[in-house]
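Pasting the structures in now, so scroll down.
One chain, chain A, links the two complexes that follow: it is found with chain B in the first and with chain C in the second.
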Partner chain A sequence: MARTDIPPTPGLDPSTGEPVDLTAAPEAVPLVPPEIVAQTLAEYMQAWWLRIRSGESGMLPVILALIIIVVVFELISPNHVFLSAGNIVNLFQQSAVFMMLGMAEIFALLLGEIDLSIGYWGAVGGVIAVQLVQPRTTNWPWLPAIVVALLAMGLIGAVQGTLVTRLRLPSFIVTLAGFLIGNGVMLIVLGFGPFSGYPSLNGLSVNLRAIHDLMWGTVTPAVGWIVMIVIVALMGMGLMLRDTRRRRSGLVAPPASLTWIKIAGIAAIGVGVVAVCNLNRAAVGTLEGVPWVIFIVFGVLAAWTFLLQRTRYGRYVYAIGGNPEAARRAGINVTMVRTLAFALCLLTAAIGGILYASLIGGMSNNFPGGQYVLYAVAAAVIGGTSLFGGRGKMAHGVIGGLVIGGIYNGMYLLGLAVQWEFIVTGFVLLFAVTIDSLSRGSTVGGAARHFFGQR
Partner chain B sequence: MADTSGGEPRLKVRGIYKSFGAVQALTDVDLDVPAGAVTALCGDNGAGKSVLTKCIAGTHEPDRGHIYFEGRPVRIRNAHEAAALGIETVYQDLALADNLDIVQNMFLGRERLRHRLLDENDMERAAAETLAGLRVTTVRSIRQPVGSLSGGQRQSVAVAKAVMWNSKVVIMDEPTAALGVTQTAQVLDLIRRLRDRGLAVMVISHNLIDVFAVADRIAVLYLGRMVVQAPASELDRQRVVEYMTSGGLGVSAAAMVAGGTGVQDGQD
Partner chain C sequence: MSRSGRLGLVVALSVIAAACGSSPRSSATSSSEAPQVSPRSFTNDFSAMTAFRSLTAAGRGSVAVILPDVTSSTRYVELDAPDLTTAMTAAGLSAGDQVVQNAHGSDSTQLADAEVDVTKGARVLLVDPLDSGVGAEIENYAKSHGVAVIDYDRLTLGGQRSYYVSFDNLQVGRLMGRGLVNCISSWHVSKPKVLVMRGAVTDSSAAIFYQGYIEVLQPYFTAGQYRDVGITAGTWDPSTALSEFEGADKAHPDINAALFANDETATAIISYLRSTRHVAAKVFPTTGQDATLSGLQNVLAGYQCGTVYRPIYLEAQAAVALALYLRAHRSPPPTLVNGTTKDPSANVLVPSVLLAPQWVTMANMKDTIFKDNFVPTSQLCSGAYASACAAAGIKAP
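Presenting the complex of A and B:
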């Protein structure tokens, strides 16, 4: 056995003594993204269908889940209120927090790590911003208050990241400690004695209003249309420009019809969102227009997608998630990239915390940080990001957050007690992780490795 | 075809010593790696093949001895310095990220930028040219993830990644170890093409069939010493096995090995 690597006698045919060839299987066609091999729309659809049938379903399950949630809750919610304009906007607002925390978690998941502290550290970010703008105490302008909150959490993320990268502590343990410390710090920063603080955003101060309006402020219907048209036009031009550049460079570009369908899809979503938000959703008087929070979520999504897909830094995040050793040998400063990802994770979580404060009009000590971190992981994984590192997109956090928000909102409308919400969300998370595990192969790695303690 | 006699070899190792604590891994090792030729480095497990490779690739620094690159004495303290000289190593595990596509892997760590952003089109074109130059044509698309490739294709990508930087010396560690018959043939073809382009190729292998199929020169390490360095035409498989297993002490030792006593077992 020990000598199979040298033919013991000359002339022995090594092809019989060699280890079994595990890699000679014909090229796994379905793994190839359809848009890179298809020249026509029909070919694209064919390749896409082949991929789905072989288990590489991409975003399809989450879109199906979303449709099921919408149909079921619309049918069973009292007075079919689920799809009313008021509730849809409400759903966006509630989901925004899940979306932001989901995007935060994706920074950790892409590296094959996990961050359990995003709930409470995010909340600390929210409390810092809310406290700094209180007119009776510090009375800061709203923008510096938010910037300080984000930077403070980014710094804490960098510290946690340093513990993980330099001291090689498991991220699971470091951020579990951060979860507890963050909870304690949140109670201290709330500052009105233990378990009684409620810094509020209600008041006439322009700075209180500014943070309150992150969630509740709206743009006028006309501005909503204009901004939407500009965004769709920019994205469409970006797609067309990319195809044109590729064709000019002699490279394969996706079929033009596919690009047009994509642009039409983006436009349809934009028109739908703005149209619904511009309906008057007040029982009495007028309440209409796109809430600011939709633009905030979209802006963060665009910024982080750009960072991950178009910059060297983003490429290195994926490389480390896929094969840290290869990244190290390629001369990438792995420690730096990972530490920065933990910092960006908590910075994004702090945006989520500020949005949460805005949603409930202040901050309270009963912020459910443990529940929210699991919702964040669930949102990312339901959206299609892998727990095993290296696979995922920021958009997954947004669409997964919408699913979680939909369940949350629908069960609230049904008047179901919170315990049922926990149970349903728990099952959805289990389901999503199972899909992830089955479709991404059997190797246990990344965050899952931390869960099971096999380092 | 290969110029193995006259002229200065592209890479020359003279009198290298390397020890790890009490273990003497390399003792007074000489090695020539000429341009336009494939040099096979053979040896049993623990003979010092990978230590020698790592001394050339910059992972280890030798305790004593000299490395000459194109006739100049050089110190190679890390992988960057090796790469700067044009020495690239393809490790056995290939160091590819399965989730990235072929282009992304080939440019990993050396991405081309345009306005400080990744210049995907430029990289894709350059990667396609390199692969075409090596006649690696079996992949469907160079935008497919490396995880979807076969073993031979992965090896080809790793080699292409190594040679696209105007490298002058390519070291390959067990390039055919995990491959089937057809794919082994593909990779051996690729090695020959590298040689024909004038690169100095060093292949570390246990598989003597493959070694004799591509190597112009064969060097054998035994217990940290270089016991033979000769043109492949002057050796045969039987002799190389003798050198690998007994340091070439004679027919009696080879007979003993052939009898299956397994003198080298458990050396590493």
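Presenting the complex of A and C:
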């Protein structure tokens, strides 16, 4: 949302200290969030439009891209099944792993770093959870199994983060090593246990069932409505309270009409999701209700958004991503903040790995760890997070994951083979990075400059 | 052929098929439209499938097949996919109602393929699962959407499929046992000392093979005609199998016949026998299964008595036939669903179509492998094997 990084010294490139062309620098005014300058809705819209025209387009391009994808696939999919209730639920399940890995990658990208290891370490998290609940071996309850898997991966993330921050190794190389080590560890953990074949989630055990249900379980239609109403009410109250508190303290607050529009938007999305999920999607019999995974994805999104937007830690992350040297001089414990971000990255990736295991009913050695890393970076960048550090939001991972999932789902519906999916996703990624790079103008830095030789 | 002429042929074939296989348990409606086939009805010209045209017309929606990969075996691309398509076309299923996919070794692709097929209106899924985990999820998904699933070739352990189509593994074992017995007499092995090397104990199929060949061999052991040298711990890994054989060979250097449960194992040990024990042709009877290139070459050269061959076109036709019954909401005849297979995870007996494997020796290789083009003749008859091919009546291109 807000650009909280400290502006570079006018006329000097922050990293090289060389003079830069000041005429190319964007104007300062449009970069201020519109809710700070606007007092009425009209002023807000004006400020928002100014911001978009200056290149700070936020999520607008990805929302447009999503609309185009939906319209095109609905038109060309056989019998127009793309927007059927069954397919929309499929699409969300298929995208959930991309979304979770996209959110994981955003922790690294915000710092101007990259984490290539999230695919396989995430999978290791998934294997650990699946192995621990196997009735024939450890037979753990599902919750401790998941917690141990998440903590184990968080610890590995902290180790990788320490190598990057303390030994000043490039994150590209450290996590590339992690990518290989993670793949090997995954194969070792897969092979453990006295049962033959891959660890699966089949069986009558409550704990196998619980992990299986993360992706496949649904709540009844009535519960779906109740939970949706409670969530919308809580979010609305939160927004209203925040504005009221700001006004009472004499701080600028967005116009009240804007807040109401936001609440109405959230409610509309909530009603839409629940209404679609509550349609019967079985050819014979009844299958309806909101899948658990929707609540899981939005729960993680809410938690990480809160962490990044509303806590001191989050502000430090943006400050370091924008300008690490300035952040250090401002007294931020840069090493600590960056190490923790790498830990949170792999912890979130482990949630993605557990969801993957839940989706395919266990874990096997064909987990596409390399492909998923690229999709995670793609999801984040397509969503609007910058490869250059300091700019991005957790919501970008979710919406970017939905774009990639949508492309995949649509191409599956058309019966196109996997090679076309790679090519189309590649072009979408190139397009997104181009927008990111152009909108960033001459002040590029971070991961892209370090690793792709761009300035 | 004119339209009416073709229709007449279809009707005639349907009537013949219905009359031939009439069963007391079939209802009046199903016998009028549904052909009463058995696993023996299918041939390599797919002619039995034409009898299914009225049944095909009585159903709606597509039949979707999801094969597992392109790397573990060439059969999926070279045999299963074309044979399944041929069978569906011969049964009158329109091209729009035929879906044959390959998951390219990815669980997530296999699941997504299944989800998309169901979304697009498939009524029956034929799934050869990459592993039981994803197989069970596909079956769960399909069942909750009211779509029937048939396990094709591999049983999903802990699954909820309606039927299973595969080869009769007990018969596979019996063929190996009988093949060994016949070979011991035709190669004039005196005082046979037989080593039995079974497949991996963790593989449920290996246990059934074992049951089949031990049923044949046990009377010979009991009567003292053969000496039972031993039964190994069991593996499918050729190098482990070779170590097991070397151990048995040290303890009993007079072993002169062995039951190997597949061609991979046989190939590894035959090359050991030839290089270290200098075993000559038609002296040391061995067995195998899968009709692999090296297995067939060992058969041609006289180091292996025969190999168990599974004609894929039988499996493809049986699976499509079964799918067409389910698609038309008819129960398949008991002549077709001729057995059950135990799913130890779900602890259920799965109604199964069990097809007859064939025992391929030098004598019938021409009429089976060569006729069905199962292994390219150019590879089979290369180099030293050209003369053996000629002796078996197989013409190298």
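Some observations on this one:
As a working rule, the second predicted complex is superposed on the first by the 416 of 455 C-alpha atoms of A that agree within 3 Å, B and C clash if a C-alpha of one lies under 4 Å from a C-alpha of the other, contacts with A are read in each partner's own complex, and residues count from 1 in each chain.
FYI, contacts are C-beta pairs under 8 Å (C-beta built on N, C-alpha and C of every residue); 3 or more make two chains touch, one makes a residue touch a chain.
This structure is a prediction, so every number in the text was calculated from the model and none was measured.
After overlaying the two complexes on the shared chain, residue contacts for A:Asn323 are found with chain B alone; chain C is out of touch. Between chain B and chain C, more residues of chain A are touched by B. Using the contact criterion defined above for the overlaid structures, shared-chain residue A:Leu251 touches chain B, although it does not reach chain C. In the superposed model, A:Ala282 makes contact with chain C only, not with chain B. The contact surfaces that chain B and chain C form on chain A in the two complexes do not overlap at any residue.
Residue ranges of chain A in contact with chain B, taken from their complex: 2-3, 5-11, 13-15, 18-19, 21-29, 31-33, 36-37, 245-246, 249-252, 310-312, 315, 318-319, 321-323, 325-327, 329-332, 390-391.
If you check the complex, the residues on chain C that touch chain A are 99, 101, 104-109, 111-113, 115-116, 118-121, 123, 130-137, 140-141, 144-147, 157-159, 200, 202-203, 345-346. On chain B, the positions that touch chain A within their shared complex are 44-45, 79-80, 83, 91, 93, 95-100, 104-105, 108-111, 113, 116-118, 121-122, 124-125, 138-141, 143-145, 147-154, 177-183, 206-209, 236-238, 241, 244-245, 257-258, 260, 262, 265-266.
Within the complex formed with chain C, the residues of chain A that make contact are 78-79, 81, 84, 86-87, 90, 94, 196-203, 216, 281-285, 287, 356, 359-364, 366-368, 408-409, 412-413, 415, 418.
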